[in-house]
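Naming follows writing order (A, B, C and D), and every chain is counted from residue 1.
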């Protein structure tokens, strides 16, 4: 049986990535695509690489007949998303890819996003979408909040370590290298090829990046006490991929063992042999996560490297994985695409 | 029913691309992978992006039991290929991705490749693998010779125009921009990131590139008289994709009409509206070809742009498309992967 | 003696490149920098790579005291430039880097730029700034019009060939590969790293690019009769450099000889040995031009490749070279910077 | 007065960069270039971007008449360098760019480089070449050992902090992003454009990178007790530039103040305003270092970012700066080149 899905906000990169993956998904069919300012255009005009697909014309959200839709993917900008989802039928299954429903605590939301949440009831209802750690809740959920792509990378490194109690909770540094597609299709000077392609720089350093709200929430909940990590993202001159280099205090072998125990049965989470290092090129274009552990020369310190594709596993692939669960499909349906290299 | 395939020479980029595509192919199963110098290694050691797949260990060709193989893809270097294929069982179906069996005329082969062909009987048997133009022959063939990736790009622009008689056969210029993966995984100074990434240059200019042998053979056969084109390839600082800019003399509308008539029913060949230009980003990672036609300000001149992915449609995708035909599978099986952008 | 210069429109890439070169120029001193919307800011805010220099704060043009200025470089957008220059003191020496004064014929200007020229008297006064071909006029000029960067590349290939009468004037094709900095610091979707970095595409194909106005004007004047070339630019995923691949009809050796004769004494124009090919990497960051000639396998046809840095020799370097002449300085002053590779 | 210099090992990137900078240096003249395997070739054959310069032909070291040479730059591979320098005249001034003379302690050398030093007397004689911290010793030295490029970046962040006693010596993490030219012109698979351009990965993680030997030596000496830092370098898909992200414990304002006090008078070391972040694009092509300090949200922690060009300030620029001191020239002579952007 094929489920009909709508993609709201299809003119951005995560929208296009949803279409790309669904194009070969055996259980999903795209029944509606929306993009307010581009309503009336063919998707192939907005993204020529999708021109060969038989897709509905872009329309405005208010013109979608949601009675024909089994699942909506909401790929709208932060803040817009909560208003749009609040206006959707209350029985419609939704996977939201924005930041709007990631934080449980309204005060935390307001702190990180600068204004009160406009749909606190939905915020309370939403399930955090890190699939491998919220699988049962997601299966039962109506509204799932996709995680931040950076937040996903950091959590894949750290959650099992916190759960297993093998690291010092006050000594965590996440140095992250983020491909530029994570910044979206936005016209900003520092995203121009001429500005970015020749080098790199840090941004939102010192604890100001919004994905820290997710780290704080999730790590503190896991640990049963406040956990605050250091986090420095860097903008990288490549399009797809996140590499998180995570510095922890703990026995390196215990770190590796905790990850091995937790991820052994996970299809998409691939722990490398002890001493190996993750590389973005090994996962780009796929729903895979590569994780490596290395011991430092200083005893009791380890470095965990995590690589994933921000648009796939970090965003649209995760969304489809969650949708599969919510719709009763096989979790991996449509997601076994191999990475594209070179 | 699933067919068992062997990939001979699996440690190069076209070998890896075969594995990537077959990973989601419903009718093919990889039963053997060979790489002489890397025999005994796991494919995931050679290409970490394929480490998640359940693949046979790399072995030497002589250790493969070909009685269990339905189809061999031969992704070996030029010259090596003819020796290897000559030693395979004579009833084994083979798609060769090298240059060894592309040219029909032994003298032409020797002229372009610098020595006599070592398996002239196989050369006579082989069918030229430009699927859309040799479909019936390929379906009946035992041995199919994959085309050059540049040669494919040029032919998709020009064959219908020669067939339709709408262009001047003596006034054809193909200026081609080739992504660096077309040069293979070879350790050459000019393929280093530090050497290539900041610019571009022409190579094999002036009529010395070996793919000219294919152009000469095919265009002359089509035209019924010798045709010689000008061809200048340029090495590009991106990994996947070929853009051919083809200058022709003829009425631009007639050029567009001839392509439209010929490609209307072709799934992978996508003619853009008159005046539009092809872009490699719209096809990278897929088996698609985009073709555009623009009229020049000088009456009677047109520019045809063709974009394809050299590793996919230009090589491994084409090989699987041909294998599908040879095995009685649906021609598009496993090949409907959408392009990866950004 | 040091001359005081003003750079009008210093917040774009050509403005920054002027500053970069003048930073080590022995005879020029930057006395004023303007950028209307960024007036009041330090140059180091707009271009952090120039923060170490002791530069005047950005100001509005009307706040510059031009009585203290010996030479103004005008790096403003097309159309803006003519209005600004018309309002400058009429005895101020000016090198304009925009397109506003490149075309002699008001009708041609209107045809290519879509509206009548607003300062036809200045248009008549301006000298075309292709230094090596207008040296005497430039030395005597008050207002020099910098050439288009693509137009410069094409002319370096073709002018000596037209002058020497060694090529067929009706059979010229210029296929050009242009680094993205030529498009300026403008917020356009197709200039984003995520959109551009993985491939290439043609633009303004078929004879619509405005630099054709310069080709038409200059080649026709040289030939004494109308000359119309074909010209297809392609946007490239690198920042600096233009490679022009020029297809001509004529004896290849004669083509090489004509270039050799003309460029033998030119410091910046470097003709490669017959058969060699130009590469952008060999000139990026410098005021050099590399030119190569190859004979085609078809007798009587040749390919000329030209490489230059669009921001340096194609724009700001050329401007300084012209300013040197206008100020009575040594032509090469400040311009002997070696290319930056890798 | 102009000093004659020889560049030994001129066929690598640091050799080429020496030539590039010396090309506009007012006090140095290249009198000899050596490259054993390429002896007899013109430098322009090996590096076409230097073809316009009037340079001596490459020769073998034994064919150089060192009596005519005032200063030798030794840009040879590690281990080779010590043998070559041991055979040079003992009164010849030498700046070595290899790792051979960076470590003072023979045991430490053997530990990091895997074999005993072959010229321990020279090792004892050599002065460590981090100019701003060994200025007097360098001025008086005959043999100066250029620092590792990564080691330079880390030390510019940390030395003043250790000297001022404002950070915890046991809690230092250096996460470093290194442009690929730092790996040299070597034919390795992971340096190919097709392998590297789409992503990033860590290497030599866990405390195995040889530049740690320099950190240990210098930081321990400064602190008067053993200091061991964590250090993870990452290979980056750009050509020039190092970005070091350094995590320290200490009051952020005190960190900034210590750097400000130490670097206030340094021409090439540019401390950004508190809260600003360094970017490689702002220094590429120049001898500049940009340094930024940000406070973390966790009190008592700071992040120091350092950007420099690995080929210039990290290697060849530093070498020339040292040579200027050794020859009695102005320290900045020839080194005021502005960064190249975009």
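A few points about this structure:
Keep in mind that, in the parts below, a residue touches a chain if its C-beta (ideal position, glycine included) is under 8 Å from a C-beta of that chain, and two chains touch if they have at least 3 such contacts.
For clarity, every value in this text was computed on a predicted model and none was experimentally measured.
Both chain C and chain D are touched by A, B. Taking the CA centroid of chain A as reference, the farthest chain centroid is that of C.
Between A-C and A-B, more C-beta contact pairs are found at A-B. Per-chain CA centroids place chain A at a distance of 39 Å from chain D. For the pair chain A and chain C, the distance between mean C-alpha positions equals 45 Å.
Spacing of chain A relative to chain B, judged by their CA centroids, is 36 angstrom.
Those residues of chain D in touch with two or more other chains are numbered 13, 181, 194-195, 197-198, 237-240, 279, 281, 284, 341-342. Only residues 173, 175, 177, 179, 194-195, 197-203, 205-208, 212, 228, 230, 232, 234, 236-241, 243, 245, 247, 275, 277-281, 284, 294-298, 301, 303, 305, 307, 341-342 of chain B touch chain C when the two sit together in their complex.
Those residues of chain A whose C-beta lies close enough to touch chain C in the complex are 13, 180-181, 183, 185, 187-189, 191-198, 237-239.
Looking at the complex, you find that chain D touches chain C at residues 13, 16, 19-20, 23-24, 47-53, 181, 239-240, 270, 279, 281-286, 288, 290, 336-342.
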